[in-house]
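A, B and C label the chains in the order they appear, each numbered from 1.
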Amino acid sequence: MLDLQGYGPRLIEGAGVTIQLAVLSLILAIVLGLLTASAKMSRNWLLRRTATVYTTLIRGVPDLVLMMLLFFGGQIGVNAVSDMLYDNYDIDIYINFNAFAAGVLTIGFIFGAYMGETFRGAFMAVENGQIEAGKAYGMSDSLVFLRIRFPQMMRHALPGLSNNWMVLLKTTALVSVIGLTDMVRVAAEASRATHEPFTFLLPVAAVYLLIASVSEWIFSRLQKRYDIGFGEQ
Amino acid sequence: MLDISAWFNDLLAGNLIFTPTTLGYYWEGLVTTSQLVFLSLVAGLILAVPLAIMRSSKHKWISLPVYFYTYVFRGTPLLIQLYIIYYGVVFIDGIQQTFLWPILREAFYPALIAFTLNTAAYTTEIFRGAIKATAQGEIEAARAYGMSPRLMMRRIILPSAFRRALPAYGNEVIFMLHASAIASVVTLMDLTGAARFVYARFYAPFEAFLFVAAIYLCLTFAILYFFRYLEKKLLAHLRPQTS
Amino acid sequence: MKKLLSVSLLGLAVAAASSAQARDYDNVRIGVDVPYEPMEYRTADGELTGFDIDLGNALCERIGVTCEWIEQEWDGIIPGLMSRNYDAIMSSMTINDERREQVLFSDPYITMPSAWFAPSSLDISEANEETLDGMTIGVQRGTLQDNYVTDNYSSVASVSRYSTADDMVLDMQAERLDIVFLDYPIGQTTLLDSEHGEYVLIGETITEPKEYFGDGFGIAFRQRDEALAERFNEALAELQEDGTYDEIYTRYFGEDQE
């Protein structure tokens, strides 16, 4: 049943690529998002400005265009640096953007901007009194962050986080356009070769729905956990 | 007019990539993108209003099918929806002989259908949320006036729901503009399609994509300010009174 | 959480950096745009095959290096070479001046004309400005066929650009395209020999003007890799000498043409 005219194994492989890509991009996006949120709330003018430019530019341009720019252009940019090293210093090392790493970096970079907005709002939603209370107990700054700000921030950030994750998951489909063999690409290729688009595209759509449903369930569990002490019991 | 074109040619002289020809491609791309986004938003909006009312219905057999539709279209990538519609219509037996074919043959219409169905699903959920958030007091007041459910929907619930939905709908419009970039995968020469053409022809990713990114950025800001303006006008009654 | 983050990021960094390597080429990575039957394509179980693939493997074997094939969409194939995602391109790439500015070509290893293909119902005997008037022409984005059609016919006909040749053929079968302009052997395999409809060659095959159609297919290298290109040239000459080349040629194109 999973054979699908011989394309089954490759489709499953493609699904693996999609999931890995999505999860790694999410992690990168969360890290970038936390950094961006901190930069936006910092007292340093330059940091605030940089973060604002980053989130504004990223959110004003289509994912696909950014992806092509970073994927095609980023390679040439990296290349220019390594060529310079080679020409001037005879050093021949280079960082190779493989398609997968480029995909993770691009999607992570894009969603870092969205996550930044989510986290900033969430951090601001944590009452100052809580933080002061923590300090009054003699907690260090990092302990205040770990025990008070982060868990409470997560409660506010989860809905936005879950929403961003759903959008990110669907955005991974675009990597098929720039040449990474995810499940959408395998399905499109198989549709063309066999002239049976539904046989391949519908199951792939179902896999996306499945991932979305599972993650919705996970997020609702997480929300319950972070809501402890709030809301109805 | 002649002066302008002479000035324009001077400006472009010596630039191998941005020639009048390639700028023509970008211009046509802008037109295609605008048409595609505008038409799908209008059609999606028209579909979404009745769907949102159905989705808010107390009867499961009315609300469930709509829920299923929005769940599927919001849960899968637009790219797959586009592929299914673009390649799928071809395999309807005998479609090539019907009056529909001259329309579906062009890449524009399958893309328009996919975009419309997609935005309608998101818009339906936005409106449903807004309808659900109608203040109970408004509904009770309408009932007390003896309004029929139909009249109440038209006069009380929908107008206030539209206003509440405005900020979220503004985001949806921007989302749609950005999502439309995938039209280029089914050969449409939209803005992104023009950029891909220029990139492939001149191997110049920075020029081709930065230029188009700037255009999208301008469009995004235009939409953003338009909705801010609308919100200011239509949601004026919600702002704190200062004077 | 923090630990998990740092471990994953480290993994990513390693994945990105591990492919850093020196330039002695025991292993040559070759970029290829798949599918482009019969030059390069995959069977359903995923095995890469085709004229370029077989010839490329034979060349590598002769030189004494291992070949690794890396798939890349056509419109990013030259930037991919520049950024050293791979060390060579062997993907039915026509040698022409525009590309010579970017890359270093081997000697041509095969010469392929381009040609117009259309459904047999299309009633024209030759493609020119009059007969193409109002038609939709399919080409692969960024190919020399794209350049040729765009420069010569985009004023009278509309041009649809596709990422892969397969997309184009599917839309031709769907009757979305009136006519396509392709490398001749690709059209022969995917259209003339197709089970999905009747297609014909329109007019003669085309190899002129040279500014578009160049000097046959070559293997592309980075400009500075002259030594590597030279090794491939020598190996190519040897394979043509000892009959290996002819054997591979016959495998994909039969005996009937040269």
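Quick note on the criterion: a contact is a pair of C-beta atoms (placed from the backbone, for glycine too) under 8 Å apart; a residue touches a chain by one contact, two chains touch by 3 or more.
Being a predicted model, the structure only gives us computed values, none of them experimental.
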Taking chains as nodes and touches as edges, what kind of graph is this: line, ring, star, complete or other? complete
What's the chain with its C-alpha centre farthest out from chain A? C
Looking only at C-beta pairs in contact, point me to the busier pair out of B-C and A-C. A-C
Centre-of-Cα separation between chain B and chain A, whole angstrom: 24
Could you state the distance in Å from the CA-based centre of chain B to that of chain C? 37
Whole-Å separation of chain centres (CA-atom averages), chain A against chain C: 34
Got the chain C residues that touch at least 2 other chains? 79, 163, 170, 173
Chain B residues counted as touching two or more neighbouring chains: 87, 185, 196, 199, 205
Which chain A residues reach two or more other chains? 72, 76, 177, 195
Contact set on chain A toward chain B in their complex: 57, 59-66, 68-69, 72-73, 76, 166, 170-174, 176-177, 184, 187-188, 191, 195-198, 201-202, 204-205, 208-209, 212-213
Which of the residues in chain B come into contact with chain A in the complex? 71-72, 75-81, 83-84, 87-88, 91, 177-182, 184-185, 192, 195-196, 199, 205-206, 209-210, 212-213, 216-217, 220-221
Within their complex, chain C touches chain A through residues 5, 8-9, 12, 15-17, 19-20, 22-23, 35, 44-46, 71-73, 76, 79-80, 82-85, 163-164, 166-167, 169-170, 173, 196
Provide the residue numbers of chain B that touch chain C in the complex, in ascending order. 87, 90, 96, 101, 105-107, 185, 187, 189, 193, 196-197, 199-201, 203, 205
Of all residues in chain A, which touch chain C in the complex? 5-7, 9-10, 24, 27-28, 30-31, 71-72, 75-76, 78-79, 82, 92-101, 104, 177-179, 181, 189, 192-193, 195
